[in-house]
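A, B, C, D, E and F label the chains in the order they appear, each numbered from 1.
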Amino acid sequence: MCLAIPGKIVELLDDRNQYAMIDVSGVRRKVNISLIQHEGVKVNDWVLIHVGFAMNKISEKQALEQLQLLQEIGEDKEAMTEIKGYQFD
Amino acid sequence: MLTDKIAFREPTIQLSHGAGGKASRRLIEGLLAPYFNMKDLNDAAYVQADQAKIAFTADSFVVNPLRFPGGSIGELAINGTVNDIAMSGAKPLAIVSTLIIEAGTETEILEAEIKAMQEAAEKANVAIVGGDTKVVEHQKADKLFITTAGIGLVDPRVNLSAGRVQKGDKIILSGPIGDHGITILFARGELDLEADIKSDTRAVWPFVAKLIDAAAPGLKWMRDPTRGGMATALNELARDAKVAIVLEEEAIQVRPEVRGACEILGLDPMHIANEGQFIAVVSKEYADDALKAIRQVPGGEQAAIIGEVHESDRHIVLSRSSYGGTRAIDMLVGDPLPRIC
Amino acid sequence: MRFIDEFRNPELIKKTLEEIERIIEPDDHFRIMEACGGHTYSIFHFGLQELLPKNIEFIHGPGCPVCVLPPGRVDEGLEIASKNSDVIFTAFGDVMRVPGKKGSPLNHKAMGTDVRMIYSPLDALDIAIKNPDKKVILFAIGFETTAPSTAITVLRAKELNVDNFFVYSNHVKIVPVLKSILDQPNMRIDGFIGPGHASVIIGAHPYEIIAKDYNKPVVISGFEPLDILQSILMLIKQLKNGEAKVEIQYKRVVMEEGNVSALEIIDQVFEDRPAFEWRGLGAIQNSALKLRPEFAKWDAEVQFNVQKITIEENKDAQCGDVLKGMLKPNQCKLFGKVCTPDNPVGALMVSSEGACATYYNHLYSTMNY
Amino acid sequence: MLTDKIAFREPTIQLSHGAGGKASRRLIEGLLAPYFNMKDLNDAAYVQADQAKIAFTADSFVVNPLRFPGGSIGELAINGTVNDIAMSGAKPLAIVSTLIIEAGTETEILEAEIKAMQEAAEKANVAIVGGDTKVVEHQKADKLFITTAGIGLVDPRVNLSAGRVQKGDKIILSGPIGDHGITILFARGELDLEADIKSDTRAVWPFVAKLIDAAAPGLKWMRDPTRGGMATALNELARDAKVAIVLEEEAIQVRPEVRGACEILGLDPMHIANEGQFIAVVSKEYADDALKAIRQVPGGEQAAIIGEVHESDRHIVLSRSSYGGTRAIDMLVGDPLPRIC
Amino acid sequence: MRFIDEFRNPELIKKTLEEIERIIEPDDHFRIMEACGGHTYSIFHFGLQELLPKNIEFIHGPGCPVCVLPPGRVDEGLEIASKNSDVIFTAFGDVMRVPGKKGSPLNHKAMGTDVRMIYSPLDALDIAIKNPDKKVILFAIGFETTAPSTAITVLRAKELNVDNFFVYSNHVKIVPVLKSILDQPNMRIDGFIGPGHASVIIGAHPYEIIAKDYNKPVVISGFEPLDILQSILMLIKQLKNGEAKVEIQYKRVVMEEGNVSALEIIDQVFEDRPAFEWRGLGAIQNSALKLRPEFAKWDAEVQFNVQKITIEENKDAQCGDVLKGMLKPNQCKLFGKVCTPDNPVGALMVSSEGACATYYNHLYSTMNY
Amino acid sequence: MCLAIPGKIVELLDDRNQYAMIDVSGVRRKVNISLIQHEGVKVNDWVLIHVGFAMNKISEKQALEQLQLLQEIGEDKEAMTEIKGYQFD
C-alpha cells in the first residue's frame, strides 16, 4: 500500500512553506510540504512524496549507512570502494 | 492464430473493451473474429491483387486531447496506419481517411489536423488519396475521430509469421518506450505533472526498409507496441508463436522522465503506449545485421536486442533483472491507471 | 533514480541473498507476512520469491486499502454522484476499476456520471473551487500514509471556506487489522515485514503490541529489493534468536516516533470509528477513521443521505484464509476461474496490489482471459 | 477535377457539412482536397501496386437508427464500400472495418451489426480481413459508428474518367430512386408516416461486372447516388465533365410510396439517398448493350436510360417533363428536410 | 397519384399553353403576382415560365411564411430553449434551417439544444404529453392554412389539461400583406394568382377588397401545372376585358365561403395583433394572429419572458423592391453573391419557396457555391 | 406556401370522427379530420391534407369539370374520349 517516491525540492513556492516544486527524474509537480515544515525545508532536500504531499525528508546518512552495512555483510572489505559509487552527490 | 476461442458474454461494451488490453482481445476474438472468419490478427492483412501482395489495414483514432507535445491526432492517424503497413513488411503506398466531426467543432481545430495529416503523410512518403467526412450532433462524438486505412506493397523478400518464430530468435526493440502514453497522460492535465517529454509518433518504415535489406531471410515477426504497450504486443507474440519470451530488463530503454512518471504513478513502462517504436523478431544469425541496419537510420540509434525466444509450455513473457529476478509481464485489463497504493 | 537505483544494486542484492542462504538452515520454515500490498507487489515485481530459499514463505497481508474496502462502499459513493447531476465524484486511479454493483467508477464515468481521477486530495479541492455550482466528493482511501493528506485538505477547505467539498472517508488503520489477523484461530504467521510508508507517519511504537503481546517480530521495511531482503535477514535473525522486537530497516525515512506533525493533524480532523467492516475480514473495532463532528460540514456521510449498501460476499471466497496464511491464493476455490483481476470476486483480487491479483498477474498471466 | 477552388471560411463545422450536398463539397474542396493535393474526388482512388491497378476507398457510417427496414448500419457499411469500389470499375477484393462504440452499448446491438456485416460481405463475395475497435465514453459517440475501407482490382478493360464524358453519351440509372432515404426518414419515427418500403441497400458489383463485359469500351463514368441523391451525383458529373445533363423526368423510376412521401413532405426524389443504385454514363453506341446487360441481372430489370449529355457553358442538370417544361436540378445545401410550405 | 397526375397531363398543358398564346397579343405585358410561395415553386419546378409567352411576367409574392418571419423571431424562440434545459423546441422542417443570430434551429440542435422537427402541431402536443417534466414550445408558423391546426392543437391541450405545451405564434394573414404591397408607391402588379390553400380556409370573399378597391383581378389557383396555366388564362381574360373580379380556379377544394368550421376555430383561439413586423416589408396592421387572453396558459409569449430580439436587416437587401415587382431577384445587389440559399441575407432567400431562393436554385444552380 | 396533398381516407379511427387513417400513394398517416366533420366524412373520401389535418374534401365533380373545360378550350371534341382516361375511379 501507499506508493511513495523520492523527489528533490527544486523550488520553494510560497512564504508559508506550504508548497514546493519537486523533481522526480525530470518530472515536476507542485507538492504540499506542510507535513515536513517542522523539520525545516530547503531547496535540494530530498523528500518522500505521496499523493502530492511530502511525508518526510529522506536521510542521506541513513541511506548510506544501510548500503554500507549490506556491503559489509560478507565481511568483504575489498568491495568497500565499490559502494562509494553509490554515494550521494 | 486464434485457438481456444472464448465467446464474448459481457452484456454491454465498456471502455476497457477498446483499450487494447485483455478486454479488447476478448471482444475481438470472442465476437468479431469468429463472425468475420479471421484466423490471424495482425497489424495488417495480406490481400493478393493479381500479381501484387498487398498489406491492408485500418485504425480509428479517438485521442484526447487532440493535440499534445510531439504530435496530434492527425499525425497519429497517418503514422499509426503507415506503421501497421510497415509491420507487415510492406512499403506504404496510399492512405484513405475518414473524419467524424462533432457539430460545432471549430474549423481551426479541424484544419490543424488536416494539415498535420498531410505533413505526416509527406514525411512518410505516402499519399492521402481519398476519404469521407461525416458530421454528427453535439455530444455524439468527441470533436474529431479520424479513421485511416492504408495499403502497402509487401516486399517479396519478407515472410512474416508468428509460426516461424522459434527458440533462440532475438527480440529487437527500436528505441525507448513509453514516451507517447506518458505524454498523453500528462497532456490531459488531470495529474498536474510536467516534464520535457513528447510523443514518439513517427513513421517507422525507413527503419523497416533497412531492416529488410539487411536481414529479410531472418526477419520473422514485427509489431508496433501501441495501445497496451510492449506487454500486450509480446504476450500476443508468445501466445501466437507458442513460445516464452524472456526479456533482459536492462536492455529496454526508458527515458528518465518516463521512468520517473511510472514510478510516481505506479505504472509499468511495459504497459504504456508507443507510437513510433517497433519490435522485430529476427533469427540469431541475422540479429546483429538487423540491429546494425536499424541503428544506422537516424532516430534508430537506441535500438537494442532486448530478449530472446524460449521454448516453453507456458506462453508468457518474462523479464529478467540483472540480479536474476524474473517477473511475468501480463497484458493489462484496460487503460493503465495511475495508482497511489 | 536516486534513492531507488542504489537499492536495486545487483551486487548487493546477490550478497544479501547469499547471507540469507548462509544463516537459514534446512529445517527452518518461516512464514512471513508482508502486511503491505506494496511489499507484495515488490516481491513479485522483482522476482524475490524465487531468489529466496524455499523455506521462507510469504503470506500476503491486508495492506491494500482498495482491497479491504467493504463491498458496497464504492456503490454508496457512486450512488450519490449518479443520483445528483451536480455532484462530481473524485478518487485516486486505484479506485477507478473497483467493481460496484452497477459497475466501477470508470464504468460510471463512461456512462456519463461526472467521475474524475485525481492524483492528490488537494486536486479534488481545486475542482470544488473551480466548480462552485457543483458538489465535489472526495472518495478518500488509504492507511495512515494517506490520512494526513486528506486531513490537510479538509483543513484547507475550512480555511478557504469552500462549502462544496465533501470527504467520503474510507481511511483505515494498519495495527488494528494486523491484531485482528493475529487473533484469528489457525493463524500461522511467524513475523511481519512492517509497512514502510504508513510507518513514516505512525513510527515504530504502535507495533510494540505485536512484538510484546503476540510475540511476533516486526521489521519496518522499505520497498526496494535491498530493503525487503535486508528486512528478511533481520527477521530471520530475530526468529533464529527467539527474539520478537520491532525494528526499523527503512531508516532513511521512518523514525521511531513517526511524523509527529502528521499525527497531530490526523488527530485534529479524524476520530476512530467504533467499528468498520473490512472486506474478507468482517468488522474490526477502532480500525478506521471518520471526520470529527467539528468537520461535519465537509463530511459526505453527514451531508448526503448515504443509504448503506450491503453486498453479500461470495460464500466460496476464501480471502480470510489466504490472509491468515492458511491458503496460498491459488488454493482458493475461485482463484483464476471465477475470481480474476478482470472480474474480482474477493478483496485480494481487486487492486493490482492485492495478494491474489499479484499472484494471478505474475504467475498465471496468460493461462486464460 | 477541382477547378475554381473556394477556400473554406466557415468558423465551425455544422451538420450540413457532412450531409453530402453543397456544404459538404465546400468543406471537402475548400479544406481537405487542397491540403491533400487531391485532384479528382471519386468514389474510390486508383493506386498502382506493382502491376496491379487497385481501387481504394473508405467511408464512415453514422446512421440513425442503426436498423431500419431492409438493412442496418452494418450492411450499409459493407455495401457502401463495395459499391464505391464497383463504381471505379474494380472487382471488390477485401474490406477492413473499424468500429467506434459508445460505452454502454448493448453487446446484442453490436453483435447484430457484426453479423449483418459478415452476411453482407458474404453476399458481396468480399472478405473482411481486418480492422480495429475503439470504445469512447457515453455521449461521445452515437452507439456505433462503422468505418469500412475497401480495395478492389480494377478491370483492365475499364477506363473511367469524367474527362471522357461528351455530348451524346447516355445516362443509365440502375433502378428506382429514393427508397433508402425515405425508409430512414420514416424509420426515425418523427413523422409518424408508414409505408411498405425498404432500403435498397445491396452490392451493385454483379450489375457492374456484366456492364463491363458488355460495354467496357463505351463505359465512361459511374457513381452511386448515396447522400445528396441523384441531384448531387449528376451535378458533380456536369461540373467535372464540363457538360450539361438533360434528364427525361418520366424515365426516372420512383416507387409510388417514395413519390407519395416526397409529395407529402415537399421533397424531391432527386435529393434522396440511395444505397443500391448506380448511374453509368455510356457512349451512344454502347448504351443499349449496357442497358441490356444490367437488366439481365436479377434486380436490374428497372434499369433505364434516363438522359443524355449535352454541350453547354452552363454545367448544370436539367430535367425535362413530357410537356416540354424543364427545371434545373441543384444540389441540396444539407440533408433534405420535410417542409409544410 | 390521383388529383395530381391528372393536372400534369401533357396534352392538356400543351393545349392550355396554346390557348394562352392565342389570346395574348404582342403588345400586351401582364405582371402577375403569384402571392403564394407554393406557386412560385411550381412555376419553376414545372418550367412554366419558359413555356409561357415572354410578355407574361411573374412577380413573386410574400407568400412564404418562413421568408416573411421577422428576423429575431426564431432567435427569440431558440433563446428560450437554449436557456432552459427543460424546454423542447419544436417546429416544422421549414423552420429548421432559418438562420438566427446564433445559427438555425438545426445548428442549435446540433449543439445540444433539444430541437425536434414535427410534421403536425399535434406531434408537438404529443411530445409534451410524453415528456411531462419538459416544457414543449411549438414554434408555429403559417398563413390561414395552418392556423386552424394550431388552434385545434391548443384546444386539445386545454381539453387534456396539458400544462407543459406552449405555442409561440407566428401565424400571419394573406390579405393584409397583399394590401400593404398594393399600397406601396411604384407598385407594378396587374393581377394576382391567389393562394390556393389559404383560400381553402378563408374562401374568396376576403379578396374582394383587392378587386374592388384596387381594381386588380384575383384568380385563386391550385398548384399543379394545369391549375396555374388555367388561372393565367382566366387572369388574362379579365385583364383583356378590363375586368377585376375574384375568381376561383381551384374549385375542387376552394369554396366561396371557405371552411366555416375552420374560420370559427381560428376566431375562437386567435385574435389579430395590432401590428406585426414582416421581414422586408415592415410593420403591417392586423396582419398576424396571437392567442386570445383566454389561452394565455398555452401562450409562450406570455409564459416565458421573451426578450424581443431585433436584428437589423442588411441595408443593401432589396427584398421590398422585388416584392413590389420593381426588381427581379437577380437584379438585387446582393443576389447570388452575398445572399444565397446557403447564407440568406434577405427574406426571399430563406426557404426554398422564397422568390429569390427559387430563382437561385433553378437558374443559377451551379454558378458557384 | 402551405403544402397540401390529396389523400384517401382508408379508415375512420374514432367515434368522435376526429381522426382518420389516410393513404397517399401507399404512405399512411393518422390525420385529424375535425375541420371537415361538418361535411360528413366516410371511408374512400378524398381529402386535402396539410400538417396532419384534413382541410377540406376534394370534389371529384369540380375536378372533372375543370379537366373537361380545359379539354374543350380548343373546341377539339375529338379528344373528349381521351379525357375519360383521367376519369376518377
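The rule we apply is simple: a residue touches a chain if its C-beta (ideal position, glycine included) is under 8 Å from a C-beta of that chain, and two chains touch if they have at least 3 such contacts.
Heads up on the chains, UniProt names are A, F = HypC/HybG/HupF family hydrogenase formation chaperone; B, D = Hydrogenase expression/formation protein HypE; C, E = Hydrogenase formation protein HypD.
Quick caveat: nothing in here was measured; it's all calculated off a predicted structure.
The minimal number of chain-to-chain contact steps leading from chain B to chain F is 2. Under the touch definition stated at the top, chain D and chain F share these contacting partners: E. Of all chains, F has its CA centroid at the greatest distance from the CA centroid of chain C. The most distant chain from chain B is F, comparing centres defined as mean Cα coordinates.
In the contact between chain B and chain D, the residue numbers used by both copies make up over half of all numbers at that interface. Centre-to-centre spacing of chain A and chain D amounts to 66 Å, using the average Cα coordinate of each chain. Here the CA centre of chain B is 34 Å from the CA centre of chain D. Centroids built from CA atoms put chain F at 23 Å from chain E. Across the assembly, chain F contributes 1-3, 5, 24-25, 50-52 as residues in contact with two or more other chains. In chain E, the residues touching two or more other chains are 1, 4, 37-38, 64-65, 92, 107, 110, 119-120, 123, 142, 145-146, 353. Among all residues of chain B, those that touch two or more other chains are 14-16, 103-104, 135, 137, 139, 191-193, 256, 259-260, 263, 266, 339-341.
Interchain contacts (touch definition given at top) occur between A-B, A-C, B-C, B-D, B-E, C-D, D-E, D-F, E-F.
Residue ranges of chain D in contact with chain C, taken from their complex: 103-104, 135, 137-139.
Of all residues in chain B, those touching chain C in their complex are 4, 6, 14-16, 22-23, 25-26, 190-193, 235, 238-239, 256, 259-260, 263, 265-266, 314-317, 320-331, 333-334, 337-341.
Residue ranges of chain E in contact with chain F, taken from their complex: 1-7, 9, 11-12, 15-16, 18-19, 36-38, 63-65, 92, 119-123, 142-143, 145-146, 148-149, 152, 195-198, 200-201, 226, 230, 249, 251-255, 259-262, 265, 353. Chain A contributes residues 1-3, 5, 24-30, 49-52 to its touches with chain B in the complex.
Against chain B, the residues of chain D that register as touching in their complex are 8, 10-19, 24, 27-28, 31-32, 35-38, 41-42, 44-47, 49-52, 54, 56-62, 93-94, 96-108, 110-111, 114-115, 117-118, 121, 127-137, 139-142, 145, 147, 149, 151, 153.
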